[in-house]
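Paired with chain B in one complex and with chain C in the other, chain A is shared by the two complexes that follow.
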Partner chain A sequence: MVIFALLACAPEAPPPAEPVAEALVPLDNLRLLRRMSLDLRGVLPSAEELDAVEADSAQLDVLRDQFLEDPRLEDRLVALLAEQWHTRIDAYDIDWYDFDLGPTDEHRFEKSVGEEPLRLMAYVATHDRPWSEIVTADYTVANELLRDIWPLEYPEGGSGWEVSRWTDGRPPAGVLVSNGLWWRYSTNPFNKNRTRAAAIFRLLVCEDFPARPVSFADATEGFAGVDSADRLSTDPYCLACHAAIEPLASSLYGFWWFRQYSPTEMTSYHAEREMLGTDALGASPAWFGEPVVGLEDLGRHIAADGRFSECATRTLATALWRRDTVLEDQGRIDALEEDFVAGGMRVPALLHALTDSAEYRAGGVTAAASEEVSDREVTARLLSPELLGSITLDLTGWAWEVNGFDQLGNDTFGYRMLANGVDGEFVTRPAQDPTLTWSLVLARTAEAAAYTAVQHDLVAAEAPRRLLQQVTLTTLPTDASFQDELAALHWRLLARRASEDDLAALTTLWTALEADGGAAAAWTGVLAALLQHPEFASY
Partner chain B sequence: MLNRRSFLRASGLSAATLALASRPARADGAPERKFLFLLAPGGWDPTYVFAPQFDKPYVDTEPDATVATANGIPFVDSAERPSVRTFFETWGDKACVLNGFEVQSITHDRCMRLVLTGQGGGGVDDWGATIAAHSANELLLPYILLSGNSYTYDHVSEVVRVGRTGQLPDLLTTTGSLPQSSLEVPLPGADAEAKVRAYLRERAAAYGEAAPAGRARRFASLYDRAIGQIDRLAALSDTLDFRAGEVGADGLEAWSSLEVAVTALSLGASRCAMVAYDGLWSMSWDSHSQISFQSDHFEGLFKHLLALMDALAATPGTSGAPLLEEVTVVVLSEMGRGPRLNSWGGKDHFTFTSAMLVGSGVRGGRSLGAADDYGVGRKLDLATGDVTDSGTAVQAGHLGATLLALADIDPAQELPGGEAILAMIE
Partner chain C sequence: MCVSRMRLGAAVLALALAGSACEDGGAPDTALPASDADADDLGDFAAAPEWSAEEMTAAAQAMLELGFPNPKAPYDAYMSLLSFRDEVCPGEGDQLVGQEMAQGGCTASTGAHYEGNTTLLVTDESGGDVERRSFSLGGDFLIEDPEGYRLAGGGGMSYGISRAGSGQVDWFGESAGTWIHDRRDDWLGLGISSTVTFGGSAGGDNAVLTLDGSLGLDGVYVQFVDLTWRDGCDAYPQGSVRMRDPSGLWSTLDLADRCDGCGAWSIDGLGEPTEACLDLRPYGSAIAELGTW
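Up next, the complex of A and B:
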């Protein structure tokens, strides 16, 4: 069995890679601009940006570089990393009421806790700092709510997410000392930090120990012992994984809680417990055989591990290619990683390279593409609930928020999973195919956003207008401004010039809706239709 | 890899009649078989019901319990679990227990994926989604997920999640039945929505036609299918109360979800349904301490099962015959619990576990599999069900292949190397 376990760890030679670029059809520049804008800013490109690229394709790269410096990239990285770090869950072992917060703070509490490690990483990335800082930083990133409930020094006069420092003496080790991470990946007296160790391996060096098959079929004599935990440090079969897991779990005892569900225990770091792991697990703290002294040292070891930079590359490739990386990608990942490391592990440069990649820029496959490539490459992407929310907020000012809950960002009362989002527990990867519930969430979001825009722009006629720029409630289809408005909406929302057929279909829809409910209802319906259009909902 | 089944089906059937009537798909003219998964998340201890192991020297078993047999099925009997006895006495002739199969992991997430897909990694669909995708009917809710886990890859669009608090129907009204789920803006009228949807479907067709090969075409096709389903869902919601998660009759925590599942199956809206039962007080089956809670969890589970079987027997299926003749109930947990008690009086994770199939197509009155002195499963002759050293080490994939076979799907097509346990099939 030991042999099998070792074989499972042996590197497998990657198969000869199919020349992916030759199998893929690139998106047209306008739709590619839209994709980049959504992925890097979370909003649609403006009409002026579309005009610029239409007039001069070289502007595409110019704008992409601007997007990489846009402050909204931070939110986007939080959303993209959340899909793989799974920290934005709906409930932790303790809740808002443990901190004298009100019920309307429930969602803000959950979101803030889950985002803390993500915000730290997004800060490192967007401030062009070396990625290794995510495991060595002597700060975290926190907001006012976290300032009030955690031992943090938050800048005076600050607002929103700000660089903050722990005041409870925890070591400088970035996400390794993140409350948000360890509240999400909690442990108990039976698990002894092993779940946390597995999370570090998966998230930071892409070693997924639980993915390895475990069979007890031939280990019968081992079960004569009383406590199965004993076997983990003695049975060679178990040691194939636990030789690495136990020492890492042992290093995390500063986050050991004597009482579960205790706000006091869970909130603060416990330096005095750091050595308990050695006794509890029978293993001294170490990183793959190299002894470590404290989490600061652990962070340095992780940052120096060759797999760390490769894992970062894979993580961001997965985020932007909208699929898992596979063995066939190894050559591409190696090349991207090499440049990433050579450039000092700066994320903007990696994002730049990834958005240049054929996999990212693809809008279809050639006739010569293998079925494998055709099935694998996500050449049309589905709007995630985060993107749907950020786009409609930007366009119309409407956010689906009820009693403090972002309805596209929670699953207890909202619709994140129903909108094909990742909840981090039951759904751990974003789905790319339209589903019934996704289309329903899309419809309701579109209808509400359209209603809000029409009420603002046409019914209340408030300035400045948000979306409808040229028409009033008395404008008729025969008016030039009517057709101009439809064309402008089509351009802005779909990144494609409307054809005569497109305009005719929209005019027909407007006319039918106007006959039933008047001009405001007609514009609401037309706008809702465009906000659900397949070319709006995909990118 | 992807077989494009859902894509092609969506392409071909999206304009078809959207009635709920079920088409027979089986050689004997019977309606296609449906599946209701009843999941016990956290990892149950089979020695409390399914796998009597009192004679095993290295297995800690429940004190004050005995072995009993009803309808040919040996089970662990205890005065604390009257529902278990009643179940096997009443329905044992329709039940087949599978003991000693292995789910090759010891972490919950991985085991759940394994027991529902046969594989530990991504890129595969679970049994429910796969079976739903093979339906001969254009189902509105192919695999309705009331609670529990589902894993999809190619068949994402087959799974319809109702939401943790049953909030799906709140998307059909302006004021959700949960205050937190309301939309707070007026919805357009039904006529207006219909006009918008007609426009969207026309645009989806145009988009699909103009798109290059690859995902955009697939997107357009599945988009069209989803838009087309919305009106059908609104109509169905008049008949089907989706609200789940509330405590139902007799304190059965998961009953309201099971009731929705039964209705969806009986209407022909779904081919598969999943409901999770988290144990007494929803405290999870993960008994690392106080293993005796397993007794309470099993009693609760079998109370639900008894109510479910009564409902299946009393509810007509799409053929008019009792739904029980059309539905296979799949009762399973993602892992088992180790043979020995730990120092906390609980049991830790174990790869060997049990499952039970009940109802349509199941060769009832049988308990297959066995364990050695250490609680490790023994090999099985898949055709006869005999325990033999020359047999097969049974794994989750074999259970999945059995479900596929019951669904009239060739396991070899969907599950490389997957062999059904024919001894479980009548």
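Up next, the complex of A and C:
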């Protein structure tokens, strides 16, 4: 009877999953190389890299391993984690003018603050350190701007993002003591750090309390005349979440403030306030029932929680599969997590495994694939605003910047959300389908980048050339170098050899534009067309 | 200086609260050792106290000797610094108000710089049966005098007193948030982070002083829990004082009903209590003195 009772209480087994690998058609090696290069480096593969994989498919793995050691992986992880951590917002309670910064520093200020916790995680990941260090580290990663406004020890002679240490006595607990995280996830006297606790649950153990289906239908009558604070600690409907939220919120009072907009309050840790939470919330600091002594202890409890490694696996799978993980993924996630933990929670190994997965390598679905799989799997990814920016910068030297604002990285004056990006507050997941605004941003970016490349390579004829390698303004379509240039551009930008039809179409376009505006305009138009080609804009 | 180009209240306070982290002038050690840490041992973590009872109370005593966080000190400094104003900056009245003040502030012709927003409420009621006086200074602001000294505040400082014709005097006060005035060399000069409330009654049958709340000063963090000074206890309070060990553990000194500043001290949840002492009489004197304003 006991066995039967246990079986009856056991979680329902997930439905048998359709073998994903059999339902998906993998990308060809060249497009897969392009996907890996974009996801792990943020730039297109070089012509030489494409040549190498075209000649020998085994080179794909060799190059992927190189990408995993590429310093640009750090920036890519920051961008990918930002999609889920939502810290890169456009305005905090504390603003640039609270410090000795000018208006042109506004975006740099906001970006620096929002990236601080992301940079710490990216550092841990790319330096092959155990992922648990994101909640146990006695350091953060900061740049010169943060050095100047926060209590940090920053290396003498350092530049850019560097390992730095807090000097205000805050406990060693990685992102749990990050100013960037808590400036993003603020709180108020009614909320009492509950938002922050919910953020920790969602980000570190993938327990999204606010997303839980809670029915108040049976409790509505009982709310009349009852203090809601009492309700949180007595009503089973509330306790389902608040029994865990309150003790965690209580542990975060070292970041409590008395003036929400005061840099003097918000910049430093306040150890003397650590105990205020117990009175404010009626709960002692704890992690799911286990008492914790300070944030250092909390970090270790989180790292030792089995959901932490699973959540890391899900987070990176979501980032690379470009979709949420679902119940049907559980077996795959379990296997990936098992290897992740067995390998000491090193992120490069997890990225390696994820880029081997069928979900990552999918370029289409088979005719026999179910509708569910067809709807779920993202077989063609659109360039995110970050990727659009990094690719065009790498190819042409053009960056869309206005008064210090990266126009593809903000929504105050820029186009991040319009380009399917995440602002972290109103849009919290990247759009995966082409939208009108995305195509408009793509078109403007392509035109400006093309113009910049032609001005540099052909009009000013500056060396070294950036993109156009073989032609000048006097080269004609009948010249061999003209057709070679078109073929090379097609190869580099789309990772596909140009067909006769492709070359003919580009030549026709060039000829029409040249007749109207000259050779520079013609090359600008051809390049702009390639830079907004569907095969360029997807990967 | 290991933190360069820091400015405004946050920077000043950050340096003040940073203690001696950079005092040796050397480059900070930010190099990380290679990590072979494993998550397997994370669950075994147990914080261990770094200080003994003697070290803990000595640190707390040294902190107490820096002075009581009397809200009148930042209030007086604030009012004094307003004397550097001109016709335009920081505007009319004794409050710093408006978007312009919040976003960059202004510099008066005297060279004084005003920035941020404040609210100041002052009452002075006399002539009736009861005389009442109070002030409340709150805000998020920075004032730099012509010599470059700065008063910065984020939080609230308040104080009030009432005197009845019967001779009964009652007073109260609060110090909340972070404050610093780097012209001084006491608690306010070092920079304080606190949420402290205090009060007193005198002149009647039941003279009493009270103190509650948390205080962070010079790298030492304490919490006063229901401290009460009553007549007949040699100026020692009853109640308890909690103190934070550098490890992050908190300890409690339970003064109970003793009248000698001593009591049972223990790290929360660890070990057996031991005897420890803390002389809180200077704080009692400071609170009592506030009943004479």
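FYI, the second predicted complex is superposed on the first by the 520 of 539 C-alpha atoms of A that agree within 3 Å, B and C clash if a C-alpha of one lies under 4 Å from a C-alpha of the other, contacts with A are read in each partner's own complex, and residues count from 1 in each chain.
Everything that follows uses one rule, which is that a residue touches a chain if its C-beta (ideal position, glycine included) is under 8 Å from a C-beta of that chain, and two chains touch if they have at least 3 such contacts.
Note that the structure is predicted; figures quoted are calculated from it, not measured.
K.L.:
If chain A is used to align the two complexes, do chain B and chain C fit next to each other or clash?
P.N.:
They fit: once the shared chain is superposed, the two partners occupy separate space.
K.L.:
What angle, in steps of 10 degrees, lies at chain A between chain B and chain C when each chain is taken as its C-alpha centre?
P.N.:
Given the fit on chain A C-alpha atoms, the answer is 90 degrees.
K.L.:
Pick one for A:512: touches chain B only (first), chain C only (second), both, or neither.
P.N.:
A:512 sits against chain B, while chain C stays out of touch.
K.L.:
Looking at the overlay, does A:521 come into contact with chain B only (first), chain C only (second), both, or neither?
P.N.:
A:521: touches chain B, not chain C.
K.L.:
For A:140, decide between first (touching chain B), second (touching chain C), both and neither.
P.N.:
Neither: A:140 stays clear of chain B and chain C.
K.L.:
Contact-wise, after the overlay, does A:167 reach chain B, chain C, both or neither (first, second, both, neither)?
P.N.:
So A:167 only meets chain C here.
K.L.:
Check the contacts made with chain A and report whether chain B or chain C touches more of its residues.
P.N.:
Answer, by number of touched residues of chain A: B.
K.L.:
After the superposition, what is the least C-alpha distance between chain B and chain C in whole angstrom?
P.N.:
14
K.L.:
Can you check the complex and tell me which residues of chain A touch chain C?
P.N.:
Interface residues on the chain A side: 95, 97-100, 127, 129-130, 132-133, 136, 139, 147-158, 162-165, 167-169, 171, 257-259, 261-268, 270-276, 291, 293-297, 300-301, 303-304, 309, 341, 344-345.
K.L.:
What part of chain A is in contact with chain B in the complex they form?
P.N.:
Going through chain A, the ones touching chain B are 25, 90, 188-190, 195, 198, 210-211, 213-217, 219-221, 223-229, 324, 362-367, 369, 371-372, 374-375, 377-382, 398, 400, 402-403, 405, 407, 411-415, 417-418, 420, 426, 428-429, 431-441, 443-444, 447-448, 451-452, 501, 505-506, 509, 512-513, 516-517, 521, 524-525, 528-529, 532-535, 537-538.
K.L.:
Report the residues of chain B in contact with chain A in the complex, numbered from low to high.
P.N.:
Contacts found on chain B: 1-2, 4, 6, 58, 102, 104-107, 109-110, 120-123, 140-141, 149-150, 152, 156-157, 159-161, 163-165, 167-168, 171-172, 178-189, 191-193, 195-196, 199-200, 202-204, 206-208, 211-216, 218-220, 222-223, 225-227, 229-230, 233, 288-289, 338-344, 346, 348, 350-352, 372-377, 393.
K.L.:
Taking the touch rule as given, give the residues of chain C at its contact with chain A in the complex, in rising order.
P.N.:
Contact set of chain C toward chain A: 2-11, 13-15, 17-19, 21-22, 27-28, 30-32, 35-39, 42-43, 45, 47, 102-104, 116, 138-140, 152-156, 176-180, 193-195, 214-216, 219, 221-223, 242, 244, 246-250, 268-269.
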